[in-house]
Amino acid sequence: MAEPLVFLNAAGACVRDLPDFARDGQTLKALYAAMVRTRRFDAKAVALQRTGRLGTYASSIGQEAISVGVASAMRAEDVFLPSFREHGGQLWRGVTLEELFLYWGGDERGNDFGGPRQDFPVCIPVASQYPHAAGVALAMQQKGSGGVAVAIGGDGSTSKGDFYEALNIVGIWQLPAVFVINNNAWAISVPRSQQSQAQKLSDKAIGTGLPGEQIDGNDVIAVRAATERALERARAGEGGTLIECLSYRLGDHTTADDASRYRDEEEVSPHWKEEPLIRLRAHLVEAHGWGKKDEEALLRACAEEVDAAAETYLATEPEPARAMFDHLYADLPPDIAAQAEEARDD
Amino acid sequence: MTDLNMIEAIRMALSRALEEDPDVVLFGEDIGIDGGVFRATDGLIQRYGSARVRDTPLSETVIAGMAVGAATQGLKPVAEIQFMGFLYSAIDQLANHAARLRNRTRGRLSCPMVLRAPFGGGIGAPEHHSESMEAMLAHIPGLRVVVPSTPARAYGLLLAAIQDPDPVVFLEPKRLYRATSEPVVDDGAALPIGDAARLREGGDLTLVSWGAMLKETHAAAEALAGEGIEAEVIDLSSLKPIDRRTIRASVEKTGRCLIVHEAPLTAGLGAEIAADLAEHCLTSLLAPVRRVTGYDTVMPYLRLEDRYMPSVGRILRAAHDMMEFA
Amino acid sequence: MTDLNMIEAIRMALSRALEEDPDVVLFGEDIGIDGGVFRATDGLIQRYGSARVRDTPLSETVIAGMAVGAATQGLKPVAEIQFMGFLYSAIDQLANHAARLRNRTRGRLSCPMVLRAPFGGGIGAPEHHSESMEAMLAHIPGLRVVVPSTPARAYGLLLAAIQDPDPVVFLEPKRLYRATSEPVVDDGAALPIGDAARLREGGDLTLVSWGAMLKETHAAAEALAGEGIEAEVIDLSSLKPIDRRTIRASVEKTGRCLIVHEAPLTAGLGAEIAADLAEHCLTSLLAPVRRVTGYDTVMPYLRLEDRYMPSVGRILRAAHDMMEFA
Amino acid sequence: MAEPLVFLNAAGACVRDLPDFARDGQTLKALYAAMVRTRRFDAKAVALQRTGRLGTYASSIGQEAISVGVASAMRAEDVFLPSFREHGGQLWRGVTLEELFLYWGGDERGNDFGGPRQDFPVCIPVASQYPHAAGVALAMQQKGSGGVAVAIGGDGSTSKGDFYEALNIVGIWQLPAVFVINNNAWAISVPRSQQSQAQKLSDKAIGTGLPGEQIDGNDVIAVRAATERALERARAGEGGTLIECLSYRLGDHTTADDASRYRDEEEVSPHWKEEPLIRLRAHLVEAHGWGKKDEEALLRACAEEVDAAAETYLATEPEPARAMFDHLYADLPPDIAAQAEEARDD
């Protein structure tokens, strides 16, 4: 069995020739900053939830390399279809921190991104984003837009028929779509081993005739490199790719979950050594002169930016009740319009 | 202007939409070279090519979900589910996504897709091929659900569905596909969605129905007329939204309402109409609101199918009861 | 006899069933070592082992379909769908198979399965976690659909569902899981499915509701009593079949019926009740039948969730209108 | 790519050492007779449909080896879950010709088999039988019955999420289940190549960790041998297997279909040389002294039996309307009981 693609190992050592983009210190620092920013957002979101100021929240701690790596390989005209744990990718694409807070705070306006207008909002029904991605890719193919649809889901999502039906049609129609699996080893309390007996989740591509690859999802360089290759293939009209990114869910499933009920701290702790920030920081220090000051400045900047966004979010008044109806249809049918009046007055 | 049956009218509407709007794309099982199992898409792949008229693999979930994805990016997908009995796998995508994408993105993304499906019984099809589960769809906020009753209405309503900026489920009463023909002008004119059609005027009794059951409903109205009872016949046409005003206005005039549908009684769409009248027209009612519907059992295999379908006799018995009510 | 909340009562019923009947098998997502995301199965895997309390992969279609298969071979599967918003993928198996296997094999195979799912809003859950689509299920011939309203009723009705020889969807109003406690005897006694429960007597007005909305319904009844209006409160309990007799009898007495549910109005189950009254109790009605329900829109995210849920105020306004109707 | 398992090639020559059961002339004659009987049933059913005396019917012509081979490997206590084209297997299992005629004639009593009481009736919603098979296998595992659930579906059925979700859980739980694909190259008008880009449909097993095998589905010996092996594995507690049987749909999809709309006669005709009866007959003639008389006697016996069953079916009165309700529930709720009265009187 081929080893998962990796460039930077857990210690931050280069175990393979770096791709071009990863020789550039600026690029790597941007990736690093995006991951740090994501982690800061995560911490703040959890804190807000714990104090009753945010809804149930799914932290991405330890898995930042996946969605940041994926998003960083994408172009603006591509479309991102994330599950609920891919904040890093959304932020990279231009969704604002305020929008993310609004969304997780229970306000639909958080999905009305100023930024990537065609990107999908977070997908909660597991795996249902994959058929959407096939449809987005169909539109791109049909319109010759050169764009690619990029969906991410968890290891658990690969057990749903939706995943499989979508991958299958991407294969048949050679659609420009990339499906990325964030394999964080758990689906709430169900471990990867109970999700499928497949040796690798990327093997699920075989039954659809697509190429599948397993990579180290804690190495943002590997994630970006693999995604870039897949995007190139898609843009060249060669069809879709399945990429399985190996990572680990360091935190609870969501703030509503208590992982200590079903997994031991002993299982978790070794994974802290493999998480994506440590290794990239080590490499930056070694190869690009990243210093303590840089680190502190970055942390400070992220903290300030995230705190400010949280304040803005907290200061945002909820919508009026009538907003429940404003975008239900382009033209609200008359009997429902009457309900909107009732809601306003209730 | 030629006489067309409903399947021809549907095909003409699809062709027109493909012709006029390059963003219209058709997909579904066997809709390509086979032209659809009922021939609704016959000839379209030859005319518009296999990029715009696409055979899918046997995957209803992805048919619905792909329509959602494509619709958000400027295509106008018109997807087909081969029979309504196989539409259940598409409900997740309809309810959880298609119907709420505009709302949950506060208008940023929308989902102008059409999902076509033949529905209803009466043609002696195998099991699972004769379902009428329109009430389940009509309960989903954010959807529109449309049922035509004649070739001309099928043409106009299907064009409307395709032009609609929101998701529409277009249910085709397959018993009517080839039942009758009428002149249909290929003028590209859409009929408004949301309006019921008054097919017959009368002052004694309002009969509300949709799709294929309008056949029995009309027959009953004829028979009643022979007895001097003038029934108003309303074709609901749009099952979501419901044209409550038209029905209320009619019942305020007649004082009696009888709803006819093929789907099972309990929690069928007839209940919504009766409930609306029980709230808004109570004082106009001269008789109980009655429903003549399919029974609350599974559509039987073909040998008993006729015994399941609401008969003219049952409609007449209910109508007579209502006229005699005091 | 201890005071239990609803989740504890459900757990006690599940444990009892596992204890008494070796054919009972539980499966679903996270029901094993995690004990279910609401802890309904907490401790059961430790007690009954991982062969009888099984974590499934994330596959709702197979959860439902596997229950069908297992039920035909003498197991009594009690499967869990984690939230009703993820039950759509199970509808195909429910409607096309579970509900009709006995009928289509003329009794040779049957399907004594239970599908449990938490439903409804009011706990500030993420989107897709607060659905109330019970009317869709209540429309499917061959199913039973049950909703408990108190810990003790949850215990007895769940045991009944498990003992039932036919498929039962057991919907758990999650807002009530920990809302109140009451004494629940672990006596293994099932409550009959199909019977509505009269929770409060009154002669002026009948309030019909189920599940979590009984909370607001009770509060409204209290408030009305303060004004001298005596409301009868009926807990429907079984959404399929509906205990039409109990409702009719009550409305024949009170002359007024107000139905309260959380699901959207249109084609919601309240319509069936109102329609039944419009047919069978017309002459008893002193006022229009009213429904106070969720709006015909998507359940909003948590910031507006409260504005969606039917409020005591809305119930009272409707009740007052009805009392003043003349 | 491994060649599909085959013992008897199209010409009836043995290309490989025969398994034990296939050295026995009686066994092979029984398999042959079962296929001939099935084909005769098919012909009669199509004739009845054409004359308005049967409902829409799916002929299995050319694919008899699959379900006969599969069923012949099964034990009575196993459970068969067929799709709508597996008459041969049903008949082998003990479903009567009358019952099959009744079913396809639109009478539910056709599903009330006197014979294999636990077998499933024909499954019309494509692929929905696979989850049932997983559940049946779960019951067998749980009860230690030693039985195996055997489901058959078409090439088209492998595109449904149901197939994949079920196969996946069979893998995880090591359920005693065998999934057989009757790959007849078409799903109504959609050719196998448009159903999936997988090289082999049996490769779909890889993503679930199960063994998958592609065999020549026109060789009843190969079908039976592969099924026997899979059943042994399942009985030994080693879990499930996916078997893809290559065959060809010589006829229309159903009597409601006209295959000439979408495939050329030139594509079809070569397949007539590969169909399963010719090769087994050739082998019987060569190795087991099968003669013209044997053949004629068999044909005559099948014709008589099938005709008699058809007569019985045609003479069977439809059920009364009330039968729609008799088995809806074990206890019919009172409001529906009232409907049953109405139906009786209508």
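By letter and in written order, the chains are A, B, C and D; residue numbering begins at 1 in each of them.
Assume a residue touches a chain if its C-beta (ideal position, glycine included) is under 8 Å from a C-beta of that chain, and two chains touch if they have at least 3 such contacts.
The structure presented is a predicted model; accordingly, all values stated were derived computationally and were not measured.
Undergrad: Would you identify the chain whose Cα-based centre sits farthest away from the centre of subunit A?
TA: It is D.
Undergrad: Please state whether B-D or A-B has more C-beta contact pairs across its interface.
TA: When A-B is set beside B-D, the one with more contacts is A-B.
Undergrad: Based only on mean CA positions, could you tell me how far subunit A sits from subunit C in angstrom?
TA: 36
Undergrad: Taking each chain's centre as its mean C-alpha position, how far apart are subunit A and subunit B in Å?
TA: 40
Undergrad: Quick one: report the Å distance separating subunit A from subunit D, using the average Cα coordinate of each chain.
TA: Distance between chain centres: 45 Å.
Undergrad: Two or more other chains touching the same residue: where does that happen in subunit D?
TA: 108, 125, 159-162, 165, 168, 172, 194-196, 323-324, 328, 335-336, in rising order.
Undergrad: Check each residue of subunit B and list the ones that touch at least two other chains.
TA: Within subunit B, the residues that touch at least two other chains are 57, 59, 61, 85, 89, 92, 96, 103-104, 127-128, 141-142, 241-242, 266, 295-298, 301.
Undergrad: Spell out the residues on subunit B that touch subunit C in their complex, using ranges where they run on.
TA: 61, 85, 88-89, 91-92, 95-96, 99-100, 103-104, 127-128, 133, 135-136, 138-139, 141-142, 240-242, 263-264, 266-275, 277-280, 282, 285, 287-291, 295-298, 301
Undergrad: Show me the residue ranges of subunit D that touch subunit C in the complex, using the header's touch definition.
TA: For subunit D paired with subunit C, touching residues are 79, 81, 108-109, 111-113, 117-118, 120-121, 125, 128, 130-140, 142-143, 149, 161-162, 165-166, 168-169, 172-173, 323-324, 326-331, 333-336.
Undergrad: Quick one: which bits of subunit D touch subunit B in the complex? Just the residue numbers, please.
TA: Answer in residue numbers: 55-56, 84, 103, 105-108, 124-127, 156-157, 159-161, 187-190, 194-196, 256-257, 261-262, 318-319, 321, 323-325, 328, 335-336, 339-340, 342-343, 346.
Undergrad: In their shared complex, at which residues does subunit B touch subunit D?
TA: 29-30, 32-35, 37, 55, 57-61, 85-86, 89, 124-129, 265-266, 295-298, 300-305, 307-308, 311, 313-314
Undergrad: Contact residues on subunit A for subunit D in the complex?
TA: Those in contact with subunit D are residues 159-162, 164-165, 168, 171-172, 194-199, 203-210.
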